[in-house]
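Two complexes are shown next, each including chain A; its partner changes from chain B in the first to chain C in the second.
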Partner chain A sequence: MKELLKRLSLAFGPSGCEDSVRAMIEKEIEPYIKNAEVIKDGVGNLIVHFNSEGKPRLMVSAHMDEVGFMVTGITQNGLLKFGAVGGFDPIVLSAKRVISESGVKGNIISKPIHLLTKEESEGAPKISNMSIDIGADSKKEAEALTFIGDYFTFDSDFVEYGEDLLKCKALDDRLGCAIMCQLIKDVSESKSEIPFDLYFSFSCKEEVGYSGAFGASAQIKPDYAIVIESKAVSDIFGVPDEKKVCTLGDGVIISFADKGAIYDRDLVRHIMRLCDENKIKYQTNKFISGGNDSANIQKNASGCRVSVLSAASRYIHSPADVISYSDFLTIYEASRAVIFTEIK
Partner chain B sequence: MVELIKKLICTPSVSGREDKIREVIINEITPYASEITVDAIGNIIARKKGNGKRVMFCAHMDQIGFFVTFIDDNGLIKVSPIGGVSPLSASYSEVVSESGVYGIMVPESAKDMPKIEDMYIDIGAKTKKQAEKKVQIGDFFTPVPKIKRLMGQIYVGTPFDDRIGCAVLIEAMKQIKSENDLYFVFSVQEEVGLRGSRPAAFTVAPDIGIALDVTATGDKPGSPKMDVKLGKGCTIKIKDSSVISSPELVKQMREIANLEKIKFQNEILLRGGTDTASMQTAGKGALASAISIPTANIHTSCEMIDMGDVKEAVRLTCALANKL
Partner chain C sequence: MENIKRILKELLQIYSVSGNEKMGKEAVVSLARDVFDEVKIDNMGTYILVKKSNKKNAKRLLIDAHFDTVGLMVTSIKKGGFLKVVNIGGLDTRVLPATEVVVHGKRDIYGLITSTPPHLRKESSKNPKIEDLMVDTGYEKEELEKIVSVGDFISYKQQIDFISGDYVTASSLDDKACLAAVIEAASKMDKEMLQYDVYVTASAQEETGKAGVARVAFDINPDIAIITDVNFARTEKEEDFETIECKGGASVDISALTDRRLTRNIINLLKEKGIKHQLVCEPGRTCTNNDPVSISGYGIRTALMSIPLKSMHTPSETVNLQDIKSLADILVAVSYEENL
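Then we have the complex of A and B:
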């Protein structure tokens, strides 16, 4: 699964531009969907449905999109002004390598240090003071390579380091996509009956809050939904224990609540019980922060019971998003256990 | 009715953890409903079946409070706020956990106005191990429930928001005899962003939605400049931060109130949202407004109401059920 995670994470797919990620996923699951219905809806979600009418509907959801940048202007000297697609700490952006959808490489640059006013050098950097340098000397030269509305993402590598750590852009949430691809394979090859009318939703536009999952859940009208995600942690930097949120390497995070949703208590307990029975390492969050697609899924249509399974992620929304591969595997095992076990 | 309010108040249930209050309310309303369902997110949807207009009344049964997020080595408990908790009111207040463990909420610094994250709950435990026997991560705490009568019809206590609205609905359910198709929804998770009432309104798909909730008053030092006073009757909502009430419905509500000689005030709530908004916009949408109970010091442990206003709210609810 590591190889698939690598390919998916390196694929290009900021919010609203998920085509190549979606195509990669379609190709990946193609051998395993003979008994499934595949829906590509109007907003760009890819939904795989293993029909089992009459059983409770379970929606498993991960988002395909990543954070990125959109070109909003081109200056006379060929620099690109850009806006953020998704949420960034601007301090992360300065001097980072970026790449456009068509493969044009660039660097994010800001005003050089010797020209900064005292206020600018002491305050937080602003995206409005940054540009992308693609090596063009004039507006005309730049316009031959890009256009207003073009997307860029981090130009990043997939690196394995430490004991079992992985570092790349877009692990948020290609890790969820990779797990869902594997689950689709597992379901298609399973001899035992699945106790759900089962939907996998590869959703778009999560990072901009629009939440393709909103549209997906309106069609699916699930009874239960499991969202697979990554969760920002701060388990280093001398942060006091009560504000670390979670710890890398301590297993799948089964959250009880975050800023977007209070998770269904019975479903959370059910998943914890499954983890205990199957000896899957898990942790719960120790600080309430962040949010994900479950906020929208939970209150859509007549509402449903939601839970989120996340990987602890350091430096999220950067070119070096870091997760632990063993955590990744615990999410896979936990979500697999959910799919194959009836909820009583 | 004070006895009913007392019973509802003394069943702490923070947003997302409404199981106990749900049970109490279902027990109260069972004799007066033709059907009762609980949906996936936990709303109670009770119906008095009829052939007329489909009207949905909605009061939220959750309250603000705290979720336990961390227990330190000395057995002190860190929490996150659920809903718009006032740090001023929380400082040095008495709190109680869902399993009935009492504690006090203490700011780490006595000088600055603290955030909730910079306070701890002390339950008297000396070690982490001791505390963990009583309290788990994910458990909730609320201010200790209370209700006291002051002069005349004035009562103070917590949580009036929105057990008062629930009490009004329950009382109205006992009295209403109507041809209309009436739904009484006791919603969850209002305090964290109207999360419960949206799915309920989608399911019910009402023609008209009326929320029952508290509203601020403008008659105390430092209160917002609004034309609502304690004791001058319930209010008919024109607007709050989340909704502009449907004008044709507001007009009709006023006419009915005038006809029945019900004391009411016009309400424009400057800050705060209500389930009115989700009823207006869920599914295909509906006409929506709210009946509110003027309440001073909302979201503190000394919320204040006038029982006369509560009675007018019951009368208006019953009148609307019959005449809309």
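Then we have the complex of A and C:
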């Protein structure tokens, strides 16, 4: 699964531009969907349905998109002005390498340090003071390489480091996509009956808020939904325990709530019980923060029972998303247990 | 241009934080062996590469490009595998969060500079200070202590991208871009035409106080010295005259601390031969190796030349290969001219 996670994370797919990620997933699951229905809807979601009418509907959801940049203008001297696609802390942008959909490489330049006023050098960096430099010396040269509305993402490798950590761009939320691909394989190869009318939704545009999961849940009208996501944590040295949110390596995060939704109490307890029974390492969040597709899914259609399984992620929304590989495996095991166990 | 690219790539792959220049010894020797008559390294880590003229009793020309780069040093090892660090040389701390590094412990290991999420930062409106940042290694403390010790050096992880328009983006182009130009020039210099014995110094510890070069200059006692370094490239407005333009050629820098006659003679020579260059003024100190070399020994006649560089002291420094070639052309022309 690590190899699949790597390929998916390196694929190009900022919000609204998920095509290559979707294509990669389609290819990946192709051998396992003979008994499934595949829906590609208007907004760009890819939904895989294992029909089992009459049983409760379970929706498993992960988003395909990543944070990125959109070219908003080109200056006379060939620099690209850009806007954020998704939420960024501008502090992680300066001097980072970026790459466009067509493979044009560049880096983010800020006003040179010797030209900064005292206020600017001490204050927070602003995206409006940054540009993407792609090696063009004039507007005309730049226009031969890119265009207004072109997308860029971080150009950041997949690295395994330390004892158990993975670093790449877009692990948020390709880790969810990779797990869902594996689950689709498991379901298609399973000899035992699945106790759900089961939907997998690879959704789009999560990072910009008005997400594809909204439409996906309207079509599916699930009774239960689990969202597979990453969660921003700060388990670095010096941060007080209660503010770390969660810790890398301590297993799948089963949270009670985030800033957008309070998860279904019974479903959360059911998942914890499954983890206990199957000896799957899990942790709960010590700090209510962040948000994800669960709020959209919960509020849409007829309303449903929702829960989130997440990976603790350091430095999320930067060129270096970091997760623990053993945590990743516990999310897979927990979500697999949910799919194969009837909810009583 | 292909040869410049090759030399540059080899140089950029050597990690050489100030004070740790000797790490690159083998790579430098293998790169310089075919071009120079003599390759030496002194106690401080300055490489001295000599190419002799066929002339008897030739004058001596020193060409300097510093070999060291900015970086970090480990100051303590913390729980969870985090390293507290201090800067070596003047880092632009704005670029550090989420930057990838290599920790040179008993073996090289990967690290990431930490960033605190916005919801947990006390002062979200400030650029980070070095004391707020750490290096995340992913090891448990006990395991990490077997690999890393306090005092170990840390480099930006190298990523070399040849992008559009002959530009190259990488860390440590300051000053490896100039060193590549110098080595390229030396490989082009015809011993018959050479008016000087050429002493190239790839000097140590420029970034931390320009300590590596002056002593060597004293030893060599050259008749003239050319210092090469990078200078800020113009990325903002056109009337920013303290900067130089990419693709404008290497610059000849005019300063109170460079030799006026030598500089003027070089400019005239370049004009006469039609060699691409630009001019820039550094009225006071130049803040390069020029300054200590000019007062070394009994005082040495120096000229300063620069390659325009964007995003200085970051992991994404950017220069244009044409400007590297321009510097190489200038250096060859100078080495053939007896009366400067």
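In this section, the second predicted complex is superposed on the first by the 343 of 344 C-alpha atoms of A that agree within 3 Å, B and C clash if a C-alpha of one lies under 4 Å from a C-alpha of the other, contacts with A are read in each partner's own complex, and residues count from 1 in each chain.
We take it that a contact is a pair of C-beta atoms (placed from the backbone, for glycine too) under 8 Å apart; a residue touches a chain by one contact, two chains touch by 3 or more.
These figures come from a predicted structure and were not determined experimentally.
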Combined model on chain A where chain B meets chain C, clash or fit: fit
First (chain B), second (chain C), both or neither touched by A:Ile113: second
Partner chain in contact with A:Lys286 - chain B first, chain C second, else both or neither: first
Touched partner set for A:Cys304, first chain B, second chain C, both or neither: first
First (chain B), second (chain C), both or neither touched by A:Val38: neither
Touched partner set for A:Ile148, first chain B, second chain C, both or neither: neither
First, second, both or neither for A:Ala23, with chain B first and chain C second: neither
Winner by number of chain A residues touched, once chain B and chain C are compared: C
Inter-chain angle, chain B to chain C through the CA centre of chain A, in degrees rounded to a multiple of 10: 130
Contacts of A:Phe256 with chain B and chain C, given as first, second, both or neither: first
Minimum distance between Cα atoms of chain B and chain C in the superposition (Å): 11
Set intersection of chain A contacts, chain C complex versus chain B complex: 243
Interfacial residue positions of chain C with respect to chain A in the complex: 78-82, 92, 94-95, 97-100, 109-112, 114-120, 124-128, 134, 136-140, 143, 159, 161, 163-167, 169, 232, 235-236, 240, 242-243, 246-247, 310-316, 318
In the complex, chain A residues that touch chain C: 77, 79, 89, 91-92, 94-97, 104-115, 121-125, 131, 133-137, 141, 145, 155, 159, 161-165, 167, 232, 234-239, 243, 289, 314-316, 318-320, 322
Parts of chain A lying in touch with chain B, wherever the complex brings them together: 223, 241-243, 256-257, 261-265, 268, 284-288, 298-305
Interface residues, chain B side, partner chain A - complex: 15-17, 19, 39-41, 43, 67, 69-70, 72, 78, 80, 82, 117, 137-138, 189, 192, 195-196, 198-200, 202-203
